[in-house]
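Please find the structures below.
In the two assemblies presented below, chain A is common to both, partnered first by chain B and then by chain C.
Here is the complex of A and B:
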């Protein structure tokens, strides 16, 4: 048997160039989604086999160039140089050739072998535009393939071009002429670099250009090299000379201008508009005139958001209840079965409450998560998400956030778990982490039963007002936290908006489904494990030592409650039942009500029971505590999955301290007022 | 010329100064002078001994070798001259002049240093010439106004302190994309802003000569939507304000 050959291909392209569709079309469902090392930027990898060659496809982040200022671009650059891909497939949105080719130009200057994929050829045809692909290929010295990714047209040809490149080794020959003064300096620097420096995979020309542009990563590359000082002083001298000779006196700007000048000329040479074809009024522009209208923009956005919310929670809710009911039934049925087999009661409880309960508490989120990602995929792929950010950015920017942070925050009113998963749409890591960290303070629907119970028992006349005040308090805490954390962790790191508003496009069913499935699978595997383990752990605490009544004062968790109760005394609820209920609330906030019910002898008499245990002031303090004190375990799992352990731990610590502090302040103030 | 690291130069210079003050150099004194911990002084002096710049005497005393002494003297001279230039001539306050001289002495080229020394020699040798224009310079640094016989009409050092490269003497600030009303087109003149933002705008195709149209303003008044090179882009006003446009 012939040894199977293997090669690695990197997919590079602008955001919205259809890169993801190409990736899906090439690799199908054989994908692995993880993170790039050290950051929470997503890294997708997939495989296909063509003509006996096994090809690994690595999807790079969507980027516009290869500067070292943006994390995404740095990741791409690092992988292109150190990941040593055999080939880079540059995916280009043909409807927007100039800007898309800018990245291709950068790839060629970097010196990596490139196959150029002109995507969205159908839209070009519809606009009555023809492209001379042969001339384009000759001008850039690359092989050109044309595709319509969402209809899987041209994919076979692309696969063929990828596999054939293995034999041809298409070393890039392209060299852009920057004109005499710049070329002189480039040559001078190149000679120096080649003589003395370990370039670590960079070509000397690329390095010389980047040094002249003042690229910090290129300067870092030189650090510690024997000739560092000599080269840097040559760069400095060259910079001074060029600044004098260039019209604007700005080298980076002059170089980019030169590249775009070349691309503009190239585009003119290869694009032919068919005559006789009326240029239709741009559909996207017609939609935007309504959707981004001064008066209609916000109402339309809010209506769509309301629709999304309804779909995810109102439609998903009953299905989630069904899942919940199924697992409750399954637990009870299997407990009966196990008892019937003569097994001890604790074994039945382990299976029913621990294992089945644990798995159930993960799967109960699945309907909401699936629907969430359906909605998100449609909003993103259609091009509306960028418009939503455009409409809301002013408000969010005032809080140090991004326009795209708004949707996750609103989803938080339903459930923080899908809301945190929705932050994936934010491209800046800092914005994403900040949006994740403030999300748990948005009062989710699971907290409502607690409010209803306590407000009903203590504030019967002003129930609505009391509950409303808790929602407002949550929002205030979220805003305060956003401002505080921005200062503490991400000062001076407000990401620029500079965001493309892509043309509206019909999302492809296939892409939407793949997106939905991948995301949900990630939730189940990554967040699910933590959730299930915690549920089992809490079950064990409530059931041990053997023979105790579940979650009673004699159980381990009851002991913990007694231990922690004194800590809660300053907040007015320093008794073990409250501590145990809050402990169970970590599983899911609505469990607080159920636990109190069990501990005070049934939910029927619960109102009376808590009326004797709490005062109105301590009841309000307890509600505030429930609102803030800790994200539920599913939320913690989601934070860990999206931002990593460090931020998850910070979130837990911060909210515990803040929740306790606010509860204490409210109770103490209330006491003072009552005395006065 | 051998290039020495800044810390090597600092050590040699410090040893020279201490030896001039006390006659002998101990690790303890060196640590105090350089404000570093004794163990790291020991580590560095070990290296200097290996490089033949410093000798270990008994009882923890250090001594410069002939080669070390030569380098130390050279740097110390540079330091004194730079300090004189900054403090006595430019009128920089003593502390700052001392600190800057400490930094400059390591990086300045022999050529520039030579000229500064010549310059100091010159103004000291020709005191008659010096008096009035040094005095005028002092007045200029203090008040920002030039004597009446100077050429600039407004008494402002505009050509050197101006941060922007834009040509023209109009007092009007340059017009930027943020000033352009919706529905209007302009041509980009240049792109400013901090490095990351500027690089991003340039790579998005906003370069001098590009035509850019403001399409609309978001319902809340910010950001704005522009079209450039046939695609739509949204920018916050603060970002649009770094794009200087040409009036059309």
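Here is the complex of A and C:
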């Protein structure tokens, strides 16, 4: 038997360097998405086999460097040092060589073996630029491969380079010379570190450089080591000496300039531009002058948003009706079928009312949700989403938020869980937590079924307007909460905004569909798991104790509902079915409709049933309650993971109180107006 | 030397100095805005500011642009 050899390769690169395309081209469909330990940042892993070698590819987060200032960079750095990859493939956007190579320099300084992948070579050719890849490889001491990832060019050569590196074990030989004063100090520190310290995988030179830069993570690494004090005092002395000798006295910036200085020289030596190709304003820049214009920016953005919602609801509606009809038919047909087989009535009820009725009332919204995520994927892949954050920056500032808070808020209209995960792009912890806390008030797609049901039953004439008002109310609550919490918990300057504006491109159908699917899958699995289980549980509790009339007040669930109902009386829906629906709605908001469907005996009779149970005012109060009263379990979990228990607890308490209070105010005001 | 927020659209400038905390300065540098770098101001109409050069384009909030000191370059 031949032992199959295996190796692990990490993919590193700047955001927008085409890293994801390379990952997809290398691994095809053999991917697995998980989380990095301790954080919810997505960790993608894939596999391929080449020349008998089994290769595991780990996709690192897109990063600009290896400082410890941002979460993404810390994750990448930790994996490079402790995950012990056999090789790092550095993916480089060749059109922006100098900046992309800055990260490569840091990888080389870290002491990891690197294969350099010059990506987007087609654009280089189009711009009339030639690159001497041999000289580049020699200067950095690495093997260089060229690719055009989105056309899958050069992928075989890349695989070959990866697998061959295993045989050659390319020890990194590259060493950047920082000039005499700095090098003296580096050598001095390196000697001390090598003598006394457990470096835990860090190279002594890297560690010495990071200590001189004052990197907090490197200092932490040193904590508790026998020679800690001696080394730190040497670092201090070195810092004082260097600050005196360097021009502007800032060591960290001096090292940065030195690295860029080297890269600038390197670029000059290897890049040849064909003459007659002057830099002109490219299409992206022309579009940006309009899209980012002071006066046009916001109107353009709002028009796009309005168009997106139109598309989602006008196109999604008819398809949703079809799904609805299908489940109604399926429920009736399966009940008949089960009874015809001689099964007892309760089994037919379980399948028809419980499972198909409950899950069906939720899956009806799949078309809308698919379309919503399609629109979001198009906005992201085309490059517009980054601009939207940018356009909204000033407005967001006025609300005490960061421009980048805006993308998670938009994603919240789809589902708050990925939206909360998306806040990790915010570098300030306080901005990030605030953005997380207001996110649940952005009305996610799971709440839509509730609005559609109640607005249809009570406000048929003004259905659209009523639903729209709930979305607006959610936004108002989010803004109010932001202003309040900013004042209460996060009194500080909002971190300044800087973000890459990737060139506009026509999104590829494949990648948009992959994006859409990845996100919608969450909704589907939810429908298959949490929602299905809850609906069956509700059905069982409504059928017990044995002999009780199904979904009557005497059932177990009726007892639970009666316990909670008095609390809801001031809001106008103090009856047990509403209490039960809201109670189980904590598991997932779609369940509110699913539960009502199960309790009132299926979709067909649901509208009539709620029309007799609610008044228009209490129906509106109920919708407001459903919008605000609590984030669903999955969202609470996401808040806890991203921000911690205390914030999750605050979010739950605050939204419960606020939701109840608003529902009560609306109902009582409505009553007053009616009396008057 | 003047803050980037005062540069005009279309102007080429060289970055002279980055102010602000360590984290911010490192971030700007890694994203390609380091002292000595030459960039074109693509858009500055009173809102956020866009700068770029071959291969990349960055958007900067007003607050950020005030921390970046530049001088004009004639090309």
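Methods note: the second predicted complex is superposed on the first by the 454 of 676 C-alpha atoms of A that agree within 3 Å, B and C clash if a C-alpha of one lies under 4 Å from a C-alpha of the other, contacts with A are read in each partner's own complex, and residues count from 1 in each chain.
Here, contacts are C-beta pairs under 8 Å (C-beta built on N, C-alpha and C of every residue); 3 or more make two chains touch, one makes a residue touch a chain.
Just so you know, these numbers come straight off a predicted model, no measurement behind them.
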> Overlaying the two complexes on chain A, which is it for chain B and chain C: clash or fit?
Replying inline: clash
>> A:229 in the overlay: touching chain B, chain C, both, or neither? Say first, second, both or neither.
In response: first
> A:395 contacts which: chain B (first), chain C (second), both, neither?
Replying inline: first
>> Between chain B and chain C, whom does A:70 touch in the aligned arrangement: first, second, both, or neither?
In response: both
> Which chain A residues contact chain B in one complex and chain C in the other?
Replying inline: 64-65, 67, 69-70, 96, 98-99, 102, 214, 252-253, 256-257, 260, 284, 288, 292-294, 297, 386, 390-391, 393-394, 397, 403, 496-503
>> Show me the residue ranges of chain C that touch chain A in the complex, using the header's touch definition.
In response: 9, 18, 20, 22-37, 42-43, 45-48, 50, 52, 54-64, 67
> Can you list the residues on chain A that touch chain C in the complex?
Replying inline: 64-65, 67, 69-70, 93, 95-99, 102-103, 214, 252-253, 256-257, 260-261, 279, 281, 284-285, 288-289, 292-294, 297, 386-387, 390-391, 393-394, 397, 403, 427, 494-503
> Across the complex, what residues on chain B touch chain A?
Replying inline: 3, 165, 190-191, 195-205, 207-210, 215-223, 225, 229-236, 239
> If you look only at chain A, which of its residues touch chain B in the complex?
Replying inline: 64-65, 67, 69-70, 96, 98-99, 102, 214, 216, 229, 248-250, 252-253, 256-257, 260, 284, 288, 292-295, 297-298, 386, 389-395, 397, 403, 496-503
